[in-house]
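So that we are looking at the same thing, I have put the structure below in structure tokens.
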Amino acid sequence: MEQIQNIEGLQLTPDLFEPLSEAEKNSEFIAAAPRTYLSDAWHRFKENKLALCGLVFLLIMVVMAIVVPMLSPYSYEQMDYGAINLLPCTEHPMGTDKFGRDIFVRVMYGARISLLIGFSSAFICLVIGVVYGGFSGYIGGKVDMVLMRIVDILYAIPNLLIVILIMLVFGSNVGSIMIGICLTSWIGMARLVRAQVMSLKEQEFALAAYVLGASTPRILFKHLIINCMGSIIVNVTLLVPSAIFTEAFLSFVGIGISAPAASWGTLANEARTLIESSNPIQIIWPILAICLTMLSLNFIGDGVSDAFDPKKK
Amino acid sequence: MSLLEIKNLTTSFSTEQGSVQAVRGISLAVDQGEIVGIVGESGSGKSQSMYSVMGLLSENGRVEEGSILFDGKEISPKYFDGNEKAYEKYMESIRGNTLSMIFQDPMSFLNPVLTIEKQLVEPLKNHRKIPAAELHQRAVELLTQVGIPSPEERLKQYPHQLSGGMRQRVIIAIALACTPKMIIADEPTTALDVTIQAKIIELIKELKEKTGSGVILITHDLGVVASACSRIYIMYGGKIVETGLADEIFYSPQHPYTQGLLACVNNPESDNELQPIPGSPPDLISPPAGCPFVDRCSQAMKICKQYMPREKRLSETHGVSCWLTEKGGI
Amino acid sequence: MLRYTLKRLAVGVLTLAALATITFFLMKIIPGSPFGGELAQLSPEVREMLYAQYNLDKSIPEQFFIYIRNAITGDFGESMTRKGTAVATIISRCLPATMKLGFAAFVTAIVVGVLLGVIAAFTKQRWVENLVMFFATIGVSVPSFLYAIMLMIVFGVVLGWLPIIGLKTPLHYIMPAFSLALYPISMITRLVRSSMKEVMKQDYIVLAKSKGTPTGRIILGHALKNCLIPVVTYAGPLLAFLITGSFVIENLFSIPGIGSEFVNSVTNRDYTMIMALTILFGSFIIVVNILTDMLVAFIDPRVKLDKKSA
């Protein structure tokens, strides 16, 4: 049997054998302070240093994207032929381009467009995908089959075709890029939500809610969607960078945002012609901005998916 | 000499919240041809102590102290002088060979993408030099032995095509493949229907008779051990609180926890109502200084809170760790 | 199995028909015409002749039925911007280069990705895992046109080791294939590592260990097959994506491929080219999806093909 500890030399006195009062016991011991699902995930997210750095960088980027174009003495389209292709200096922290436009302001203006497109299209995809996939999975049967065949057809249309068609119909602006991106990328979200809802609705708690007389939308959103929130949030953190990528790609190719407006893609494209010329440093800034933002988003995405992984408690 | 002899085994797991002391210095012994039960609720350390013996602890688990003597050889990792490779190599040579384990959950312990045959013959491939043609024959025999009808067809199937009871039988057949000297059965019936539970226990008893192996039966169900085990260890909070022959445990339980456990079992011969034990098991990150059961014990005394009770031998076979046994002496 | 395949193919053909219909009408709402500026300079008779030649003088539904009737017989018409050249001819000229490049990138991505993922999952050296995962994260954070430009500058311009333009020799494939493959390599590395780690925690791995099976054989015999399932689901669409070409990469490396042909046809409103290429890409996606599902079912016996099919 076990090694006897604390025993040698112990004087056994009758008072030691007095009954222990209820107050001296802590019988309902709770191992850890109860935390809600979200605050628990946030707690684990905070532990991930890279993800936290990414979040801080992204917040700084958002604030700068809002504030810099407002406060700067230069505007993104203001040309100054007296100061073209300048190297970084005190007046122009990132230098100027071949038209004498301030690159810092243009990169920050580009951040506005790229981040706006990234976040809003991710949000729109989230709403459409969750509602469509949720209903498809919950109702099931014939409705599900029809809804899923529609998704299959949309999935088979090359993404680029949809995006370019939309841009040609509605013109080259932020709105049509967003519509184009949303039309193609909500499908993944819808499929994910459908699959999750289909497996969750078989479980007892959904049946319990049904037996208690909860309405269909209530069961769907209050019980089922909440339970697949983790994978939905992880998917959103993937949608944001992919939307930014798509915009950068379109603008880089020359069918996205048109001059003089600037996004990171157009800036990289403009600067591409300068690689072998006088001022190759110009291409560095938009590239740096896009890469660092993407890196932050990916670190955040990793952090979020770890934080929501139920097995990592 | 006993087939398996564990002395002062201590196992802990490092977690974000701190080090969890799952097993806190337990000692037990099992002889050839006997079935010994380890009973306790979940989190009492009963499974983790046996995973320590098998060397199957998850990555954050570690055997801190103690000796594990199996078949005359010391197999505690620390006796391999920190030489992890040598330890792994030796354990690989005995696992599934002379020492094997039957697992708890028939749903998750079989590989979903491999056929039953492939998983069944693996221990034979690892430890016995058997020609391929005979392997198949052995697989058929093993399935027949654990009572699976039409074994030829079953061998070609995948785990999801079998029922829970069938899968549990396959897991038992895997453990038996090399006719081990020692079988550790970790809650082999918990996930099964009551009718199948009894059959599985019968099967284990039968196989022990045939092969003469020593068996450890881990369970939280006193009903299961009553029908199968000759000796029983009761575990609570990472410690063994009472041990004895089955009769001693059932007819004169000394530890309040054992008494509580028995009160939870439905006894058809008495009209007593079932008595649940209030409270929950202790926090093993900062385990209590005294008796682990003190906070739930109806007869707790001041001393229980401060000092760990020593084991008192009531007979050759019956031992209990409880201060109540010392009360009369004062 | 055969019944399943036929069923899936039938659904695929229906999907293609729907796809063709949607694209046809969608395309017609784009403002502008394939003849662009030159139209104004043409005399009314010539214009009418041109319109008649491409059936543009008929109503849109009529045009659609004529198109479908011809398409079923395998006639996809003539390009509208390059008059006198059949669409089929252009495609058969451009497709091989793109497909070869796509396959090269695909094979590279799978082989390197799985290898790096397995290394990252099992290495005992913490820094090796961190290094691989750091590069894999950078890999998914940088757009492919940036890789392409950087590779071109370093290996093409500064070092001068690799040719920059075209696809003449195997050497020409290295840079464009790598530019295409870097993103999927990173994705697959991350995928394999995380799914490998997940699989190794499963109960059936514990059971395999309890049989005395050595770690190496556990990885190859028990874990790899399970962890390939997510890789296959990712690799299917990837293949369809890679063999339909990338406009940017083909543009940057001056490769006459199908990807740039597609973007050009959309911006030039070359209706016949758009239709033919959409149907081609659509059928690639459909076929690849069927193959992916069959492969997953082959690896994972729990997936029942007949039940899942439409």
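Some points to look at:
We call the chains A, B and C, going by the order they appear; numbering starts again at 1 in every chain.
Rule of thumb we're sticking to: a residue touches a chain if its C-beta (ideal position, glycine included) is under 8 Å from a C-beta of that chain, and two chains touch if they have at least 3 such contacts.
A quick note: this is a predicted structure, and the numbers were derived from the prediction, not measured.
The set of chains in contact with chain A as well as chain C comprises B.
A comparison of C-alpha centroids places A closest to the centre of the full protein. When chain centres are defined as mean Cα coordinates, B lies farthest from chain A. Centre-to-centre spacing of chain A and chain C amounts to 25 Å, using the average Cα coordinate of each chain. With centres set at the average Cα position, the gap from chain A to chain B is 46 Å. Spacing of chain B relative to chain C, judged by their CA centroids, is 53 angstrom.
For chain C, the set of residues that touch two or more other chains comprises 201. Of all residues in chain B, none touches 2 or more other chains.
Shown for chain A are the residues in touch with two or more other chains, of which there are none. Within the complex, the chain A residues that touch chain B are 1-7, 10, 12-20, 24-29, 31-32, 47. Taken together, the chain C residues at the contact with chain A in this complex read 11, 15-16, 18-19, 22-23, 26-27, 29-32, 137-138, 140-143, 145-146, 149, 153, 157, 201, 244, 247-248, 251, 262-263, 266-267, 269, 274, 277-278, 281-282, 285-286, 310. Considering their complex, residues 145, 148-149, 152-153, 155-158, 160-161, 164-165, 168-169, 241, 245, 248-249, 252-253, 255, 268, 272, 275-276, 287, 290-291, 294-295, 297-299, 302, 311 of chain A touch chain C. Touching chain B in their complex are the following residues of chain C: 201-204, 206-215, 221-222, 225-226, 299-302. Taken in their complex, chain B has these residues touching chain C: 54, 56, 58, 88, 91-97, 100-101, 103, 105, 108-114, 119, 122-123, 126-127, 158, 160, 171, 174-175, 177.
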